[in-house]
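Both of the next two complexes hold subunit A, though its partner changes from subunit B to subunit C.
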Partner chain A sequence: MTRGGIPFVAPMLALSIAGFLVPLVVLAAFSFSDPAGGFGMANYVKLFADPLALQVLFDTLALGFKVVASTTLIGLPIILLFWHAGPRERSLIVFLTLLPMLVSNVVRTFAWIVILGRQGPVSQTLAQLGFIPAPRSLLFNETAVVVVLSQIELPLLLLPVMAVLSRTDRSLVSAAETLGAGPWRILATVILPLAAPGILAGWVLVFASATTSYVTQSVIGGARHIYLPQYIYREVGVLFQWPSAAAIAFVLLATTGIIMAAMAMLARHPRLASHG
Partner chain B sequence: MANGDRLYRAVVFGLGWLAVAFMVAPVAVGLVMSFTAGQTLKFPPDGFSLRWYTALFDPVRSAPIHTAIWNSLQIAVLTVLGAFLFAMPAAYGATRLKGKVSAIVEPLMLAPLVLPTLVYGLAALIAFSNIGLRPSLPLVVLGHVVVFGPLMYRACIAIAQRLDPSLEEASTLLGVGAFMTFLRITLPLMVPGILAGAFLVFMQSLDNVSVSLFLADARTSVLPLRMFQMIEESLDVRVAAISGVLIGVVFVGLFFARRVLEPARSA
Partner chain C sequence: MDATLPLRDAISPAEASPASARLGEALSVAGIVHAYSGAPAVDDVSFDVPAGGVAAILGPSGCGKSTMLRIISGLVTPTAGVVRLGARDVTRMPARERRVGMVFQNYALFPHMTVRENVGYGLSGLKGAEKRAEVDKLLALVRLEKFADRLPRQMSGGQQQRVAVARALAPRPTLLLLDEPFAALDRALRADMQFEFLRLQRELGITTILVTHDQEEAQAVADRLIVMNAGKVEQAGSPSELYDRPRTLFVNTFVGQASVIKASVAAESETASTLRLSTGDEIHLPRRSGFMRGTNVVIAVRPEHVVLHEKPAPGAIPARRMMAVPQGPLRLHDLLLADGTPLKAAERRAPGASDAPPGGTVHVTFELDHCRLYPSS
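Up next, the complex of A and B:
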């Protein structure tokens, strides 16, 4: 089975190198070029001396963590539901997870404008219950961005977990029950450790997606609450500062990369990996 | 014990289905909204009608939207074709590589899935500009093939790994060449993976903003960017009608592709 693989792989390999690796190297080189034509750290020095840029970087990473935390909180009940469900319910849950994931990001973001808008159901209900004096728009703040991104990224957390749980043997639970463990104890000592590698894999995807979702961040966050993707686009599309945009893009890549690598390493931790 | 059981059940089923509802609700809202009879995004709507669909399909008033839809469809179809030509053979080939070689090749092929597409869009813009290529529709297709090709690769490799080698051996023993064997035996067996991959690549390409943002020229308007502008500028209710159409496409596609997309099979 080891013969003859290369000719089939070669075209895509060439495309990956020429179309993907080379542009990234060019981007890196570009981030070290200064307007005068020389090479140096000027773009990075400027970036780290700019309090606004640092604030935006900090907000973006914080957003990633907040969305990871909230998808985990909302996702856990679904994970448990999936675990206890029979084959037909499981297949329904998978369908209901894939459906929103495949629906366009722009469409989902638009639906949230309707839901959180002044004439939307949330604001009308809050006004009727007297929590707010009159219906008003609940958009354009960080909480809204976190809520919307949580809904949008939830499937990214759930699918890896469902994949892991579908492959596991339920007799472990029967064994724990026979030994007299209650449902909460089984949850903490059997189900969660089994799901952990999937959850960590999901965290990586959610974090990567939440920190870079340009459309949702700009539509739901508005102009006052900007994150790195909008900052990069502004440098390129409005200010034509390509080298400094390249530097910011690299900082985004490096910081999110380090955090994602840490999550991925945690997933391969021997105590977790042995269960998967 | 019994109390704990009941509480546990209430938590799992109550919160579980509530969370599922939270996940699906926006799709339902988008669908209902598209049938509103009103002028605004009031929800729930005061009445239902097909007026926004009529407005969307009006060839004169919605001409810019139609251009964007046409561009996006062209890009998505060409991207699927490109992904098929590059990634499908690669997935098959990767299962026939030696362990050491595939340990280097695999991560490289899947890397575009992890990289923020916005960063890739910028990198591609800078790199292509350096060799004199200006933003254009073919460049968008190229970018989409690089970024979404791995989805096709992943969908196909799940199938390719389970192929029975004895079928190919039989074909080879009968004197059929390697290329013809691939075409006549392997390719038909990989159809489910190809279809699932094609569906994923098509939807992602149709939805992509961050690569198109950098690689499309001013004349090539694409659907998600057009919708994005319509939302930012005027909250045009025709966006709801476009949403309705897109949700319908996903529903139909998912219905057919569901069996191959189940996580236990594709992961």
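Up next, the complex of A and C:
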């Protein structure tokens, strides 16, 4: 930090400590207490001994990776379109990317209930075309959660990548062309490596957002398919097990934190950090 | 006036080692027209560069010189015209098949690749040790052997420029194009890099075209200048030809300096002519002006062809001295004629002479043999 910078960060620092660090410490203290009033690792031992809890943890992380993979697949053509577009088309693409973010996640989630429901356009079309014998609800399974989360989180992947690409010099592609590289080689050796810092930043955002999106997970996934956020809610709201809920919250925080830190460290690689 | 040492004469061909020579091919462009949208950026451009020659396309920004370079490299396909490399018509050949080396203005080095990987990018046909050896050879050529494992951002501007040259040379092109190659370097380094570049060019014998807006640089490096303005070639020729016998007013003022004085032809005969300057003074040319009596013309005078007199002399025009700056062996004067026309003059500076204060009046005559007349636009 530049010397003399403390006064400038002090308000933010105070807010972070009061609003984030203190509650986190309280939560940590909670997670180490047991209902009998003692203090120890009992909640964590119980959690890791419970096959259901482990399954939910695994499903949650898997959901994060699936959403990351699916947004990447959907996002890549949009990223390439952005790269090749002129300045006016680029602002249009950014605008269209931002547009869905103007609508709340909750509203978008409920819109998807209509789309994927029994009377929704998808189910009706599939039935009319004979792919399924009769219209049925497409909700309440993991695929539906991945599809809906991909739509909701896509801007989080696209925006950092677009930011990196709009700062990237297009003459790099011209240089590769004059050196004899064809379009696929240019994509693999120039465009994607240059976009990599943005892609990694986008992955971190999408992963964090997908694994913790309580509303979408519970509304689209239903009660049979639960993930850690709902598991925590069940512990608190139904079973009143505050200490064990705190422990689960910490496990979620730690696992997603480790994965995100790994992605962020990858983005700091000297070859990637040189730009972006 | 022009103190730039012509570098191309400072390097004798004897220094060139024929061992690594890869002879360049002649380039010929004819009738090139290219429009991005609406007005053509390049309009009917034709020129030739002989095999092994160094040509500079010179012009102000927006004159179409960079577009010409992109057309020659194959990055842009012209609307009309023919690009010929050696005996081949390459007009429709895409850049990646054309084997024309290009050094971009900002060098366009791949920031995520080391110097070795950058230089090796165009050597996709080679593998392993063979490729390594070839990259080492190229790095030795630009004297960067020790920097193979650096990333571009860890190098200075001059070193980056040499990496860009080595990378462009890797696929063994017969033609090398450089877009403002020395513009990003500071002045002292620029001369070194120009010298270094010419040494390399001589050694390889590769045909070279560079684009620049800096006429001193063009004169120092190239043996052929192509002056472009507003999408057209104004004049092409050797640097001294363009300096001594500019065909248009634009070339006269762009290559070297020249002051422009408005005048009209007052009298015209077989052997002499009289011009009435915008100040009202008359000057007598010992030759035909080539214009009809009464025609409005402009006179272009280079600073070294203006003669200063401290006292009124026959035929001399009074001028006010605005500024006098010593520059090496010369003193440069900024003068103002009676009607406000600016005039630049250069005179030999006597060693130790004190600089005359500004504000005084001087009297100027012109070396009339060297003044050139152009129709007034």
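As a working rule, the second predicted complex is superposed on the first by the 265 of 276 C-alpha atoms of A that agree within 3 Å, B and C clash if a C-alpha of one lies under 4 Å from a C-alpha of the other, contacts with A are read in each partner's own complex, and residues count from 1 in each chain.
Everything that follows uses one rule, which is that a contact is a pair of C-beta atoms (placed from the backbone, for glycine too) under 8 Å apart; a residue touches a chain by one contact, two chains touch by 3 or more.
It should be emphasised that the depicted structure is a prediction, and the values quoted were computed from it without experimental measurement.
In the superposed model, A:Ala267 makes contact with neither subunit B nor subunit C.
In the overlay built on the shared chain, the residue A:Ile93 is in contact with subunit B alone; subunit C does not reach it. Once the two complexes are overlaid on the shared chain, A:Val26 sits against subunit B while remaining clear of subunit C. By the document's definition of touching, of the two partners only subunit B reaches A:Gly4; subunit C does not.
When the two structures are aligned on the shared chain, A:Leu194 is found in touch with subunit C, with no touch to subunit B.
Contacts of A:Val56 after superposition: neither subunit B nor subunit C is touched. Shared-chain residue A:Leu149: touches no atom of subunit B or subunit C.
Look at A:Ala176: by the touch rule set out above, it reaches subunit C but stays clear of subunit B. Within the superposed three-chain arrangement, the count of touched residues of subunit A is higher for B, of the candidates subunit B and subunit C.
Contacts of A:Ser104 after superposition on the shared chain: subunit B is touched, whereas subunit C is not.
Common to the subunit B and subunit C interfaces on subunit A are residues 182. By the touch criterion given at the top, residues 169, 171-172, 174-182, 185, 189-190, 193-194, 196, 270-272, 274-275 of subunit A touch subunit C in their complex. Remark: subunit B residues 1, 4-5, 8-9, 11-13, 15-20, 22-27, 29-30, 33, 40-44, 85-87, 89-90, 92-98, 101-102, 105, 108-109, 111-112, 114-120, 122-128, 130, 142-143, 145-146, 149, 153, 165, 178, 182, 200, 203, 206-207, 209-210, 213-214, 224, 227-228, 231-232, 235, 239-240, 242-243, 246-247, 250-251, 253-254, 258, 261-264, 266-267 touch subunit A in the complex. Within the complex formed with subunit A, the residues of subunit C that make contact are 70, 73-75, 94-102, 104-106, 108-113, 121-122, 124, 151-153, 167-168, 170-171. Across the interface of their complex, subunit B is touched by residues 1-13, 15-17, 19-24, 26-27, 30, 74-75, 77-78, 80-81, 84, 91, 93-100, 102-115, 117, 119-121, 151, 154-155, 159-160, 162-164, 166-167, 182-184, 187, 204, 208, 211-212, 214-215, 218-219, 229, 232-233, 236-237, 242, 245-246, 249, 252-253, 256, 260 of subunit A.
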